[in-house]
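Alright, structures below, take your time with them.
Two complexes follow with chain A in common, the first pairing it with chain B and the second with chain C.
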Partner chain A sequence: MVVGLSAAERRYLTDGIAQGLRNDGRGLYDFRAFSVELAIIPQANGSARVRLGATDVITSVKAELGRPQASRPSQGRVEINIECSSTAAPQFEGRGGEDLSLELSRALYRSLLCNNGTGPAIDLSALTVIEGKLCWNLFIDGLVLSSDGNLLDVLAIAVKAALSNTGIPKVEVTSAAAAEQEADFEISDNPDDFSGFDVSHVPVIITLTKVGRTYIVDATEEEESQMSSAISIAVNSAGHVCGITKRGGAGLDPSVLLDMISVAKEVSKSLLSTVDAEIMAAESRGDDQM
Partner chain B sequence: MALEFISPEGLRLDGRRPAEIRQLRANLGVIDKADGSATFEMGNTKVIAAVYGPHEVQNRSQQLLDQALVKCEYSMANFSTGDRRRKQKGDRRSVEISLVIRQSMEAAIMTHLLPRTQIDIFVHVLQADGGTRSACINAASLALADAGIPMRDIVASCASGYLNNTPLLDLNYLEDSGGGPDVTIALLPKLDKITLLQMDAKLPLEMFEKVFELGNKGCVAIANYMRNVLLENTKDLAFARGVVKV
Partner chain C sequence: MEDVSSRGLHFQLSDSQRNRLRKSRELLREAPGNYHPSAFVNIADPIHVENEATVLKGHGTQVLDGQLLATLSGVVERVDQLVTVKPLRCRYNAETGDVVVGRITEVGTKRWKVDINFRQDVHLMLSAVNLPGGIQRRRTVIDELNMRSLFEENDLISAEVQSVHSDGSVHLHTRSLKYGKLTNGQLVKVPPYLVKRLKQHFHNLKSCAVDMIIGCNGYIWICAAVDSLPSNPEIEKITGDSGAPEMDSCNESISLKVRENICRLANSIRVLSALGFLIYPDTIIDTFDASISKGVAIKDMLGAEFLVMIAEREASRRTKNNYML
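And now, the complex of A and B:
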């Protein structure tokens, strides 16, 4: 979205950040408050809606049975697709949102699954049903409904929440056929008979946006319009760095980079516990409704 | 054997009576950044609409000197249907629906009051269970009202059909794909003018009259609901600004 800031507003914003205080009263490394809703798409295996400030995203997880790839017979496949709805900004009309959608999808995939699929978030071998023949493929779809900055971090939280909400039906193999034959199987239609996901290893992404000489966490759209570059760092609960993506045009000093990573690690501790608490709260709200 | 759409007791597959609308739910102001926005639910169909504008025309060559330029885009979320399909934006179906939404909204907007401006209407289907174009028109109508764009009347839309020798109101996906006719109507209820009429399959003329009449009544009922939602929203706004005390 084109942010129309006057010279005075720009100055106010950047000077504020230089002095450690932002326009909405937050400190440099403070996240905005966010809310999580679970199971909002009934036809998906799992779904979540996360709202952080005016940023609003929905993610859904759909599981489908398929054949594993020949090169990786004992692994399922995961696809991540993010779509930026034109409701979020008129610029996303037509093909306008495609670049950003692709950038976000790839950055998420890199942080959660790694390019060769050995990433920290999802244990792909747990998706196998019969080695070389049958596995679950997960399709993770994200939709950005409204955008006020920091999309990648919010999407990572939403993917984590949707996975925590995902149930995969139990599959019973009725005949362990010989190697060349198609296997017979039955999908359990008992709604209580499913296996869930352990999401404790799914990392959160923290984007540090460099504005002037300092960098901030959870930038709003106005702040993002003044950034020179940004680094998105995925950190899991063990404190391991799981993926790094640099975004934005300007170059970055290598010495600042290490600083940024340690800040991200620090911020991730409180963020992870808030995310877990929000997911727990959303789960218990869902239980009450049933 | 064909599917029985009406039980011997006279109830439809989802338990409704033939002339009953699904449960309606609407919310205004759901997207902070947009000038106007709304979600609209008809049973399991759920859509979200955002309106940006009136603002400067982006493409100068499209600028109209005597009226506003109205643009509309319809899209479906990947997870909106039962079987997941990756849908490309701008396939023929969405382009057609974008067009009919735009036309029916243009009939309501007082475009002559906003010359040389552009109004963008974006609708996104979050859950599809039949009647998405009706739900989109209703949501767009509410979003336009939320944006404060001058309109002659609100546009309310509803579909009706004819299955098992019975006229049915507000078809869901199963009924929609039941092979019978599907008449989608959009109405300006106060002016009593039709802004959208689409029908497929075939139907005797006498029957069409009945089905059309039923759809019309559905539109009026939906319009009443929408008017109540707008009224409640205005009350909330008036209270928030301290104009009235509750």
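And now, the complex of A and C:
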């Protein structure tokens, strides 16, 4: 166990959750307040830092020109890579954070990019410059600086914020060459000449952590130490479920799962509007500073 | 926003809230009882003294090229000839007689190791605890084997600092019925420099049926008052002969009302610590009452509006009655 809690504290915590009042006064489905900062890494095309409680993550988006995959000539490529900083927690020291990093990257990738009924959250075809020859590849990197629970949800918010902050330079194709020739192109030198990124379809992830017989939203590290299992549900602005990831050892009854999904949908509405408001506020603050 | 963020709460203040917070901060800065701005020094700042030769150089100072410099950032304090720098943020510094709340980290031979937010883990000797039943006798090998039945790893205890040794090690004792294992409540951690040392660190808030232990080390334990819990005849039978309120590790069920009070007190403390105000029963209860009279929900106590409100209250209180802290 990572968090050292005495037997009495564990009992107090789980009893509180059963009674519907958590240790910091939140109800079962309340999110903590969080703050968003944008454009904190000047070298990246877009970046964001999100802090929620003591959880602190930074994400950056780097765009590079490359060749599209032969199997998908009209699509760009997106890679998501999350790293847990060894300074975040003692258990991340050495290679300790690798498992969690991988788990988080996979879960994010599944929620954002897997092509399911709702379509990928990031429009990959918008990344194409010349079909079959040239496209933008996005590298989304996340760094967990400190962890106080609910990492996946915070990372999803941070990715959304970083993508909204991303500017992709305009590319001008100078010669529309024949199919077998290399294309000539020019990247615009003007730093103001870039196209933004549509993030309205990027989902938020809501992790429902099951403690005892009930489940809670936005669990703290202490609460996560008492979980039996956790379901992370990605929901987009249309209310569609984009991905589900389960963690933890214990099994779940399918009917509970359906309940959880409907709760996640409900919570996602307010969370999405808070996230959008925070991103807007962060943007306007950034404009003020310039 | 930045200074609020640095203490663990993250939210954006609206422009008007930010102005109100700034205004109350300015009022507080000029309030009586505060240090004069010139008393603050940074690392390597010169400290002005009248006669270099007669001054006693205390903690946080150093003489370099004939000039007295600060080696810490904090406040210069002068007692007669002694000049020291008291750091603004620091770990807990144990002093004999302090009431502390700690967490057992290790069970060793004849001693427990306890985390009390000190520079190192401190010792609680087996000979410094009350045995169940309260009998006074030599501790035997059997007692050593049964140490885990008293305190396990991760258990929270309240204790008193028995002695601070010159090599930096600290010994605790729990040789009183009021000390021992803590149950039925939650721990709130605050920076130790915000806790005011008082005669009394055990508090019983009768109106909310809550007990509170404000450890000098910044660990604050808030729990349901022992007499508020439904009495368990079995436990009374066990403790009947010793007369001690035996703290059993199994919690009683706490009513929602008491739990709400505990949460509200805990959040009051969190708000005070986020604002960097001193934490002692008066301020905690004042914040607690303010939240009730303003009808603030428990979860909204960690929000921007309540935080600004408490800052304003404190500013007006301190400027109005020239109250010296």
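Of note:
Everything that follows uses one rule, which is that the second predicted complex is superposed on the first by the 284 of 290 C-alpha atoms of A that agree within 3 Å, B and C clash if a C-alpha of one lies under 4 Å from a C-alpha of the other, contacts with A are read in each partner's own complex, and residues count from 1 in each chain.
One rule holds in what follows: a residue touches a chain if its C-beta (ideal position, glycine included) is under 8 Å from a C-beta of that chain, and two chains touch if they have at least 3 such contacts.
Please read these numbers as outputs of a predicted model, since none were measured by experiment.
When the two structures are aligned on the shared chain, A:Tyr109 is found in touch with neither chain B nor chain C. Shared-chain residue A:Ala44: touches chain B; no touch with chain C. By the touch criterion stated above, A:Ala54 is placed in contact with chain B and with chain C alike.
In the superposition on chain A, A:Phe197 makes contact with neither chain B nor chain C. Contacts of A:Gly27 after superposition: chain C is touched, whereas chain B is not reached.
When both complexes are overlaid on chain A, the residue A:Gly94 reaches chain B alone and has no touch with chain C. Once chain A of one complex is fitted onto chain A of the other, the partner contacts of A:Phe139 are limited to chain B, with no touch recorded for chain C.
Using the contact criterion defined above for the overlaid structures, shared-chain residue A:Tyr215 touches neither chain B nor chain C, since it reaches no partner.
Judged by the document's definition of touching, chain A residues 54 lie at the interface with chain B and also at the interface with chain C. Touching chain A in their complex are the following residues of chain B: 30-34, 37, 44, 48-50, 52, 58, 71, 73, 75, 77-79, 81-82, 84, 86, 89-90, 120, 122-124, 126-127.
For chain C in complex with chain A, the touching residues are 1, 5, 8-12, 103, 105, 152-156, 181-187, 249-251, 253-254, 256, 259-260, 263-264, 266-267, 270, 297-299, 301-304.
Only residues 1, 41-44, 47, 54, 56, 58, 60, 62, 64, 81, 83, 85-90, 93-95, 139, 141, 143, 145-148, 221 of chain A touch chain B when the two sit together in their complex. Touching chain C in their complex are the following residues of chain A: 4-9, 11-13, 15-16, 19, 21-27, 30, 32-35, 51-54, 278, 281.
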